[in-house]
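Pasting a structure here, questions to come.
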């Protein structure tokens, strides 16, 4: 019933990708002038797994990490949430990828400084994976970050999507375009190869534009995406406006919440966790509702991971509002 | 003249109730994932006493605490503000009540988690009190939290109100309904027993609704309250809208301030301190003005206690505004 | 091979007892004057389970916790180390026990202030346990703290020891006398009931004195203990002197290390983890060696839990010394 | 090309004034109840020098400091930004001026508490200065704070302005009226003596009112100022509205940015740095644009010094907007 | 019985002197490179008053402070311990004295950097004092720091000693020579004027040498001091060796404790508090015993003030030893 | 005269090598369980330059860094001490090397975890250096860390030593063997190539053993080293025993100090700074004395850089001792 009680359930969702150590200065400080950093787990797919556990749906995370203190630290943090980490690929070589965040404050942007070259994760090959583990889940979760890391990772991502589809495991994919990792052309090519294998697609408007190679009005863009790539269920996240769902020609719009934003990083991953949960249990509309609630609550915590209380999610989805409970 | 100079004045107001240790995580953190807590004094009646000292009106706090490091810690913090603690009841048994706060951020609510069962304060009996001390003050301050703690406390509260009234000591009472401590029915019964002994009543709109058992428009509600309970002076706090005062059939409305809210807990207690101060020195209108100013300034500090500078209160009451002084 | 890799192995050791939230002030501060506390997991049996995971031996922890943020926090911290928590007993009522530590500095003692009355753990009954889980392990670990908590806990402890023994599960027991919880007479009675069911006993010299009711020289005391209680394998911890083992009439002495002590709490639990590991894999002598190394390394970290690096344990047991590695 | 590369360039701007240690409590705390302070460099002219270095224009700072740990601390912090400090005047006597800031939150004002009496800086005499150093720069920067410190400082300020003007070094002057340091009449007298020697004047609307002795509409005020004092280039800062420039009868208006304000102190100094940079390289309009961008970015950092990234300034000046870069 | 219960007792000891704000960097940091400071109360006489309250003997502190946030902060901290501050002299002018401490680590010394010139305390005149308050106590406590501050303070100190003696109030005096405040010759002159009015004298060996103008063996020095100055009861503190008492020709030696020293500042003041307590209640020997225990425990806390637990003092004086209580 | 006054002096010593960001957990924490890190400058050669500035001898640091926030951060910290950084080589590619430190506590070793592969520093080629800058100094400082980084670095190091020697610039070299970077055989080969060009050599006993390929008694080892490599002035550091100097066949022994060690990293670099200073100004004996004093004081601060107060160095060298100055 609770996150705590999922320990010995079957892993229903396997999320595959890189986790890194994120070094964050205190809220408004510049990296150049900061000497105290908080080191936290950063990784889109692990975020999704943690979000699912917080909702009571058992998830596993798979990635490749070196056998050192930083690698173990990331696994410890992941499994503290109940996420299964038994299929992690341990490496004798390579480093743990890191990145630094400067949180910003308008008109100063939030800036990410990557130091992830040479990470063990960039060498994750398909034959290193525990395929029994992956293919016995209900869902695999992939994001557009992994194919951007290396040729190996691009091939691995594609193979996971193909084999999962064939095995009847549903594939969720979040485009998650990162301009600091690859060009729009490289991304388009990879997206177009992957999308035919995707059951549940998450994208922002700019992400869709990359795939289509042109700007279209939202609903037209979703229809075009469905046509060209075979994606039948798509959730387009719209920031403060909420989300727009597309399923077999029909649209579902869910509005966003007024949010006092503490940290926007990871909101999309929280959305995906909520989406998979609601979609699996009920339907797309409810998936969007859980996704939007998860994203809103995620933005109220300082971490990137979706440290949400399930009771708060349920309260929002049920439409009840509260600002003090005592 | 100053808070510092009240040491050897006569105690004019005695505030009676429980103080607890409040454990608060850093601003946006969840208790479940937090390992650093700030431990501060939490207690409505002690807040009122501190607020009065900050305004230069000498006050005492009375409560029951066990003779251990946590009990002494609470007394030390209280008397650091000049509050007299010479009539505290020390107990050989029982614990110090504690509670945890999760500060929240919209749409996540502020949540209070009580761990106060078994506290020494729940056993405070009337015959443990120093009645000479209580009955030689000008005011006693009680709140609706105390009768919610235990049957003993409910009886003690009622006896204080009765005996104070009889002795010519004015009774101020803040309804302060806490849904996590008792039901609305229990509260109504206790409120109805207490109100006939109250000289100055503070209530929110929902509090009034509990007593009346139905919703009425504000002014009608205040008139009904006066009719049914004999309360002749009532201050209804209206959040951002300010406060509405009722006295012998007349109404006084005081608008609120634009506030950059840092911590809303304790704002009502700060209001009561300002109200008693202004009402004692001048009249209800001025009491409301001081109350609203105190509440606004309280919300700008991270603590629950009204750590306000008197000069800031006077500036607001005088209608002067300032955002930088250098 | 590593802590990280034990996730999906069988649980070989089940440790049963209470975990609490320990509030610790900064190193030399007094609780009475401190407002910042670190909140960490405190619990002898969970410490043992964590220590075993750090050595690569898969362990589970079983205890009773209320379903609230603090209860979940304790489980999260426990499972971050890979400890299995799937058999935790969740309660709708009761609180999480807490305690405060004042670290001290000679001639000021380290002081523990318990606030654990009314905890859910004190109500752990035998019929709430998952007996299949317990009885399929190789070892169960119990300590003398649990029978000191309540009559219910005393009965539960005894039943676990009996049924485990009967089922061929080995019973490890650490006497762990706590003067703030019960009297020496109460303890003696409980110890004497338990000891006949114990396979591996850990005790300090004063612990043994409680059971025997008199002071004897170390080796005589161990022999007397074996005679009167049937304990055939005993490890007596001797502080800085190391440990003395007794097995079927033979003695094994292992010297201690020079330690720069950061926090002595939990050293005994770390010892027990090392002892079980070495004794299971090899023999008592090697168990003592691992135990002493674990205890020494535990004392070098600020937490009570044995946050040790396995490579450091192996280096010490192998007799290699190093003070800088770069 | 970068801040880092200016080390061995010629000092183009010399900024003269006092730097102090600013003690700041955590964001919303009151000094009276705070026991942890951050000690940072505070000083308008040093802020300008640092801002210029951040823009790649080499600057020096000149002031008088005692030869003790606090004096050296201020120099170390200044030169960490690449500012040249070789002409600092070291004193055997006097203290380092300090001040405390209470950050405030509406309706509580930001309050500055000065403890700067008796500082070495108040004794800075003209004959202690390295005139070759000063007169070989392109610009000297002075502010209205220095003449407010002492008669000596007033005379020194005037002498610097006169001799710089004569030597062909341009004089920038920021009025910077401080009501806690001197009266409006004293200030007017000093301003009127100085202004004829000023090439580039920065003032707020209230500052101008002090000089003119009356309130005029903005553009009329600037014209009147130019007439009475000979200042031909004036930049009037307008808070959130941006800035208004005046040059030889013509006006240039530059709008402000939407800013999430973290700390407003030092925004004016950042503006002046941007103004000098843009004005020197191009013209007044561009100077205002750089000034407004610098001020906006300064307000997003917790320090008073303009810890801005040059790339962010250039992005704003170029009119590009961004809220996340990853 | 407890510190908390002394509130409404009569003030038995009045301690007169300056309190300052002490800025301390983290343990081993240099002020020149530190930007985070803890601001704590620093003042020998206030330390003594606090120490007496901790032992249950009601004390007052008298000094002169400006009416600002820092002045009030010092009073708040003082009265949090129960010390009476009703006779503090508030000033409209002057500053709060401050000092910085660099804690050191062998072979680097602990260094004090004073910034106390111009403090309000240096202007404390005899006619500003509440003589009724002073002369109704049993003891007044003075130290050799006050006469070192200014001519005014030297005269005030002498007048207090004279009038107290005449009024039958006993005078305790701690020589406390500070080389950074005055020369040995100045100090000798002042000491020689004061000593004839002193009932209980505390001195280190170097202090005594200053008065005598030459080095003598300890016991000879004490006899010479008694002869020349009329001091009949003298306690000479000997650091780790303990203390040597002299009374009417007889000597009492009390050994020191093995101490894990956290902060040595204030140990002498803690000694004086213990000495007065034990000497008042019993005799010199017991006074020395309490003094030595207080000093040892003081050294185990990070603050200068004697934040000791009375139960620890009593345990040491009773000769019981303990290093863990749980 | 002071560190602050060296700004515009000629650079007398140029130190060449890599600086990295060192991430350090709080004192006794494990990296695997730590989420707060202090990020400080780490680099042997920069340490030497900073140490020289602290002694008043102007120094420059040369290394290769990428043009990003971390690279600039390292330069800012270096120049805050007055070190000249005008000849730093800025790179468009590569990363800033980092390493993590686990401080340890006996019997747990201090452990360094390098993440420095791919750093810009490993590509520093001879033709990127400003040779005029290097060859106009009195000394160049090199260490055995640089040739261990890459083939390029090995060649660059050798070329610097050769050309400096030829140009009459003295070469100081600290062997500084790092077992985590290269093998003993690789090191021996590099050392043997470099040593003929070295004027002042610093080595530990194990370092010398690597060069000689065998163990000899100290004095014999130094003589053998001089014979085989041409090094005429050698300082052998002996840890707590001090240092042993060799010059033209003569030996000078300087004892160590009793040190309360806070952080041992960087002690050797501090020694080298003191050695160069004393040797340049006076002779080898005095160089050793300054070196030992610098190393002892360095160990009393938490940073790796020699944050020493010059007055403390002079006091130790002069043989005066002090543990409190107030």
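Labels for the chains are A, B, C, D, E and F, by order of writing; each one numbers its residues from 1.
Basically, a residue touches a chain if its C-beta (ideal position, glycine included) is under 8 Å from a C-beta of that chain, and two chains touch if they have at least 3 such contacts.
Only a predicted model underlies this, so the values are computations on that prediction, with no experimental measurement involved.
Asker: Among the remaining chains, which ones contact both chain A and chain B?
Answerer: Shared contacts of chain A and chain B: C, D.
Asker: Check every other chain and keep only those touching both chain E and chain F; list them.
Answerer: C, D
Asker: Quick one: how far do you have to rotate chain A to sit on chain C, C-alpha fit, nearest 5 degrees?
Answerer: 180
Asker: Find the pair in E-F, A-C or D-E that has over half of its contact pairs, by residue number, in common with A-B.
Answerer: Most of the A-B contacts reappear at E-F.
Asker: At the chain C/chain E interface, shared numbers over all numbers used: above half (same) or below half (different)?
Answerer: Looking at both copies, the contact residues mostly diverge.
Asker: Please identify the chain with the largest separation between its CA centroid and the CA centroid of chain E.
Answerer: For chain E, the chain whose C-alpha mean is farthest off is A.
Asker: With chain centres defined as mean CA positions, report which chain is farthest from chain F.
Answerer: B
Asker: With chain centres defined as C-alpha means, what is the inter-centre distance between chain A and chain D in Å?
Answerer: Result: the chain centres lie 46 Å from each other.
Asker: Go ahead and note the Å separation of the Cα centroids belonging to chain C and chain D.
Answerer: That gives a centre separation of 62 Å.
Asker: Indicate the residues of chain F shared as contacts by at least two other chains.
Answerer: Residue numbers touching two or more other chains: 30, 32-33, 69, 72, 76, 309.
Asker: Think of each chain as a node with edges to the chains it touches; is that a line, ring, star, complete or other?
Answerer: other
Asker: Applying that definition of touch, give me each pair of chains that meets it.
Answerer: Here the touching pairs of chains are A-B, A-C, A-D, A-F, B-C, B-D, B-E, C-E, C-F, D-E, D-F, E-F.
Asker: Over in the complex, which chain A residues touch chain C? Could you list them?
Answerer: Result: residues 2-5, 7-8, 67, 69, 71-72, 75-77, 79-82, 84-86, 88, 90, 309 of chain A touch chain C.
Asker: Which of the residues in chain D end up touching chain B in this complex?
Answerer: Chain D reaches chain B through residues 28-30, 32-33, 104-112, 178-180, 264.
Asker: Going by the contact rule at the top, pick out the chain F residues touching chain E in the complex.
Answerer: 257-260, 262, 296-297, 300-303, 307, 309, 312, 316, 321-326
Asker: Mind pulling up the chain E residues that touch chain D in the complex?
Answerer: Touch list, chain E to chain D: 23, 30-40, 68-70, 72-73, 76, 95-96, 98, 100, 102, 113, 115, 117-118.
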